[in-house]
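Which chain is which? They are A, B, C and D, in the order written, and residues in each are numbered from 1.
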Amino acid sequence: ACGTGDDEGQDTEGTDDTDQNEAVDFTVAMVTDVGGVDDKSFNQSAWEGLSDFGKENGLEEMKDYTYAQSETDQDYKTNLNRLVRQGYDLIYGIGYLLQPAVDEVAQQNPDTNFAIVDSVAEQPNVASITFKEHQGSFLVGVAAAMKTKTNKVGFIGGTDSDLINKFEVGFRAGVKSVNPDAEVVVQYAGGFNMADKGKVIASSMYNQGVDVIYHASGATGNGAFTEAKDRKKNNPDEDIWVIGVDRDQYEEGAVTVDGQEYNVTLTSMVKRVDVAVKDLSTRALEGDFPGGEILEYGLEDNGISVATTNEEALTEDILHEISKWEEQIVNGDIEVPKNHDELEEYLNSL
Amino acid sequence: MNLLEMLQTMIPPALFFAAPLIFTALGGVLSERSGVINIGLEGLMIMGAFVGVVFNLAFVDVFGDIWTPWVSILVAAFVSALFALLHAVASITFRADQVVSGVAINFLALGIGLFLVKQWYGKGQTDMVDAPFYTADIPVLSSIPVIGPIFFSNTYYTTWLAIVLAIVIYLIIFKTPFGLRLRSVGEHPMAADTLGINVVKMRYIAVMLSGFMGGLGGSIYALTIAMDFSHSTISGQGFMALAAMIFGKWHPLGAMGAALFFGFAQSLSVISATIPFLQDVPQVYLLIAPYVLTILALAGFIGRADAPKALGSPYIKGSR
Amino acid sequence: MEYVIEMLNIRKEFPGIVANDNITLQVKEGEIHALLGENGAGKSTLMNVLFGLYQPEKGEIRVRGKKVKITDPNVANDLGIGMVHQHFMLVDTLTVTENIILGSEPKKYRLSIDMKKAEEDVRKISEQYGLKVDPAAKISDISVGMQQRVEILKTLYRGADILIFDEPTAVLTPQEIQELIEIMHNLVREGKSIILITHKLKEIMEVADRCTVIRRGRGIKTLNIAETNPNELASLMVGREVSFKTEKEPAKPQDTILSIKDLVVKDARKVDMVRGLNLDVKAGEIVGIAGVDGNGQTELIEAIAGLRPVESGTILLNGKDITDLPPRKVTEAGVGHIPQDRQKFGLVLDYPIGENMVLQTYYKQPFSKRGVLNFKNIYDKAKSLIKEYDVRTPSEFTRARSLSGGNQQKAIIGREVDRSPDLLIAAQPTRGLDVGAIEFIHTKLIEERDKGRAVLLLSFELDEIMNVSDRIAVMYEGQIVAIVKPEDTTEEELGLLMAGSKKQKVGES
Amino acid sequence: MSSNKFINLLVPIISLLLGLIAGAIIMVGFGYNAVEGFKALWNGAFGDIYFIGETVRQITPYIFSGLAVAFAFRTGLFNIGVEGQVIVGWLAAVWVGVAFDLPMIVHLPLAIAAAAIAGAIWGFIPGLLKAKLRVHEVIVTIMLNYTALYIANHLVRNVITDKGDRTESISSSASLKSQWLMEFTQYSTMHMGIILALIAAVFMWFYLEKTTKGFELRAVGFNQHASKYAGMNVEKNIILAMVISGAFGGLAGAMEGLGTFGYMSVQSGFTNIGFDGIAVALLGGNTALGVVLAAGLFGSLKVGALNMPVAGVPTELVDIIVALIIFFVASGYIIRWFLSRMKRRENK
């Protein structure tokens, strides 16, 4: 809101009528979930995608493209409706929490197009964007399995929910595929804002001999990073790792010991909400809005990727192994499990 | 795992979990012993976390890796003490309902924190700090057999600061003139007044000290656990500290014990998940265990506790 | 420099009332100066002005001839003025020593309290003035009399030589009163001056040198005690003649209403306080319980009222067993109870006085119907009771808290008597009241008796016991050790019985 | 007397104004347009019938949670556990809403009753512990908040659904939604719950102020000794107070479960309805009417705040304004003091 240095819209005042040559007649908005637009996570990523799209098409920020922030679950519908009433052509609901709200509001406003991220709403005027997090999780599982020396890796989840299960299941499948003997310790914190609990869990896992932890738990994961960095600080030789989620969490893993820089972030499972949002917006602009469809972004369309920022930790071997599996997934040789039932099947088939 | 190993894995997390609660609960003890309810502990922690993180980020280049966290918590404590002044003015001078004023403190801290973060960083949360606290082995003490590895290895200095402060505050409250006056003001302000004790001044000091301690608690939470500041950094810890204070019967050492109990219960529930015969127990039992344990402990053997008698009532000269 | 204290033409207003209207009070060095006046006459207010708790609107205060402005208690302390307040200013949770040194603590290492020295100091002054206390005891664990000594020690510890006692004897037992009088004499001998507020004329006659009488906020007269008598004092104060001995016909006892057999009751600390007590009270008589405080009187009464569990034994009311019934059932069985601690038990201070008048009957017709209160009937009732019992209150809607203690007491008595219970228990019903109010209450009790009710009176005032009772049951160590008739005994004999020295059985009359 | 009433009315209004002025100063101080900011706030709350609907919807659970806190307060108990009671009430209502297929006349009341009962049970526990063992209700209710959250999540996931993130939507026969209301408010989420909330407020007023039970509850709140002396059962009254308070909390949950949402999802944190209820109750002076008014203020500010970014003002600012308003209302004494001074000067 506050002074994003975007001078493009300034030269003309009455932008209602397009004097700008390249500007198009299309408005788009998004509603965040309670994380807020700048959560350094998928809300922010969505906004980046939308901003990119807006700038490329000469739209005015906070006018032709905008966002509405939700403080509580109750705000979703209110925000969606407000944007509908302001006449936006396409409105995104970011996050599975908004699914019921998008579903209902879309039904009541058949003339507006909607999109829901991370969930599915079966309405003719809603495009559902989901991600194949299990694929990405599978690949970071591969990395973990390659990296572990103790044959024990860990997973910390936020709440025990369908979405987070997808991460867990993909991760476990990935680990077992490479290293059937490795043990995966799983624990759910019970929430996404419990850094203290995250730290206790990470501490307990490392104490048990886990040396790589994958977290899908928002700010709870901060506790895992803290614990790992602390151990690194005390014993730089100890090989312990955290795998980030949603975006590249390399920054979170940086720690300096006696002037020497280390990083405990092995890799991150990156979800490119920006790519999906930009992609879908462009299609809508071009009159090709995929209403009623489910768009599943995965490895193949860059909707999911694995961060490779930590070049030191991700050795050739690991990178090689990752791309090997990635290829198989993209080819369809491997169907990565999405839930516990599929995981069982998958593990039995190994 | 043998018992020793078990304790070794269980105690350190219990300690770092408890530390911020100890500081804040001690603040609560000081305020309530003077007769001012402080339900704003959550807000004071938020303020502390906010200032601690922002200061740390801004001044790490000035004070370096070692001193920045210490200076940060000190600054956070002072700013929170000033912030608590609002509660003091409202509830002591303006005779506001102390609970209402405390609730306002909670709203205000979060509002100010998030608003300023947005102003200064242009986003919803700060970056992660580069100079947090790290654990260390406490010299000498950590080499004591058995006890050393359990309590004094891989521990934060701030945890021990919390425990030392609990003892110090115990001594202040029960052994010094200041403490005697503080208690008298919380029990029978008029009696104190007739002896020439400045009730209003004592209460201001106590509330500001509670701000100081809450600020320490919040900033230490941020700099040992969360590392950044966002809307969810402090979410309920202040209320847990409030519970610890009551659990501990408004006694500094009791409050410390209660906070350690919470920490231990959390640690226990996390560790339990890894114990083979408990692995098939539904997670929910382990999640609620710390809270249910607390209730059982209270019902079972802690029993009643009496709050300071004048708690919650403004002191108005010449009325009874 | 004849006067240590001169309060000249003091005026103090409270919203809607002039508490002190041009009062002048002059206290000579080394005298005991009594201050006398009805409940609410403005005595406490005047003393609070002297002690710096209130600021007067008009008037001048001189201490030892010098004009002073006493802005807060600190100034008073510095001037050597100490006050023992009507409602004790003691912190229950602290020890005796802590209460005494509070605010001027001896220090050790400049930081911590030198508790040893403090206790030593306390012991020293307590010996010097003959005020025996246990320096390490907690206030909540010691008797009222002991608490009062602590209050006095507080002022002495600060070196006060002008002492204000605001109704110190209202809460004391006769023995404690004697001790206090002794203490006051000691203090004067040590060169202190004392201002004494009390409603008991006997005490004034006994200790005071001079007396200032005030009425409705105005100073009436200052007299030399040697030149006056109780009757004059009383009529000056009330503005009419007062009779001290309540007139009554001989009792005509009928059937037994209350019958207690082998009763055993424990106190909060699980100590037996009532130990196998037997007592009968008949319709149409007033039985007074005499005894030194702490001999199980409180526990006995609370047990009858259902407020305290009974260990063993039975309590019969009209032949019906009411042992261990809950308070509501006891009330409904026909017991009325004027509790000893009126503010703790007798009233919901934050309720209007009107609603306090139906505290036990609110759930009955006509005050409610099918669970819904009928406020008109409640307040109508309250209004008539307020009138009948002369409860001085701005209105029936005034919160009970802002009534004076005396008026609170009258309200409770009105409420209990009006229910016309078969048994009326009156525990210290006149504590802290002025002579006019006492006369009124005694008359009411006797009226009830004459209507054929049984009255059980608990009082630490032997005067009152002798005056009102038809039979006196002496209670000692949890038992009734003697039953005597007032006309057959003397205060001295009673005193001996109460001390447990003469354990003789007096047959039921 | 009448001038007293006038002042009683004036004080909260002045507090509100002072809070808004303080907010304006902050906005201007940080370079925002205060007029635009407040316009956006107003429009976001009352701009048209749709927003009014949303505001009413927001007010509805606040009334209930405010009543819950206030009711306990009036009996001398501090119920910080309304949050937990909201959660269990929400869960129970939705559970009944999805599990049965009944005619509306049975189904809706049943679902509402389930919420009230669930909340009542959640209030019963601290009430019982307080009455029988004198355990401080503040700790127990804080602990029960977390317990409710985790248990509800567990039940949603493992019992009501088969590993789902949220329950199915309740049958329409258990819904508080009304087609008519929705259309009237241009598809706002407003539902019939507001009527229940107002009824509840009237109930609380009547029950506390006009009935013998209320007489007892308030007496126990003021002085337990005198209440016992007067023949009231103190323990029973403490439990009853917490049970009724909890039931109000549960009903706040029903408003979410049967009205606003129509389902329950796995909660990643507290709803805050219960915690905000503390502020609402205290702002409203713990009286029924006060709670309704305070809930109105609170709800309007919260919903209006969502629109403030339209004027470029961050929503967080509203939290600051809300806090300041609470401060000023709480500090009514000082405002009274000023008013009476002004009046006295006038008189002289």
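One rule holds in what follows: a residue touches a chain if its C-beta (ideal position, glycine included) is under 8 Å from a C-beta of that chain, and two chains touch if they have at least 3 such contacts.
As the structure is a computational prediction, the values presented were derived from the model and not from experiment.
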| item | value |
| --- | --- |
| Minimum number of chain-to-chain contact steps, subunit C to subunit D | 1 |
| Farthest-lying chain, centroid of Cα atoms versus that of subunit A | C |
| Centre-to-centre distance between subunit C and subunit A (centres being mean Cα positions), rounded to whole Å | 75 |
| Centroid distance [mean C-alpha coordinates] between subunit D and subunit A, Å | 35 |
| Between subunit C and subunit B, distance of the C-alpha-averaged centres to the nearest whole Å | 46 |
| Distance between the centres, which are taken as Cα means, of subunit D and subunit B, whole angstrom | 28 |
| Multi-chain contact sites of subunit C, meaning residues that touch two or more partners | none |
| In subunit A, residues with contacts to at least two other chains | 1-2, 160, 190, 192-193 |
| Per-residue multi-chain contacts in subunit D, two or more chains | 150, 153, 269, 314 |
| In contact (per the touch rule at the top): chain pairs | A-B, A-D, B-C, B-D, C-D |
| Contact footprint of subunit B on subunit D as seen in their complex | 30, 78, 80, 125, 129, 133-136, 138-140, 142-144, 146-147, 150-151, 153-154, 158, 269-270, 278-279, 282-283, 314, 316-324, 326-327, 329-334 |
| Residues of subunit C touching subunit D in the complex | 305, 307, 326-332, 337, 339, 344-351, 355, 359-360, 362-363, 368, 371-373 |
| Of all residues in subunit D, those that touch subunit A in their complex | 44, 50-51, 54, 57-58, 149-150, 153, 157, 163-166, 169, 182, 186-189, 256, 260-263, 265-269, 271-272, 302-303, 305-307, 309, 312-315 |
| Touching residues on subunit A, where the partner in the complex is subunit B | 1-2, 4, 35-40, 44, 160, 185, 187-188, 190, 192-197, 199-201, 203-204, 207-208, 219, 222-223, 225-226, 229-230, 233-234, 251-252, 254, 256 |
| Partner subunit C, residues of subunit D touching it in the complex | 210-213, 215, 218-219, 222-223, 225-233 |
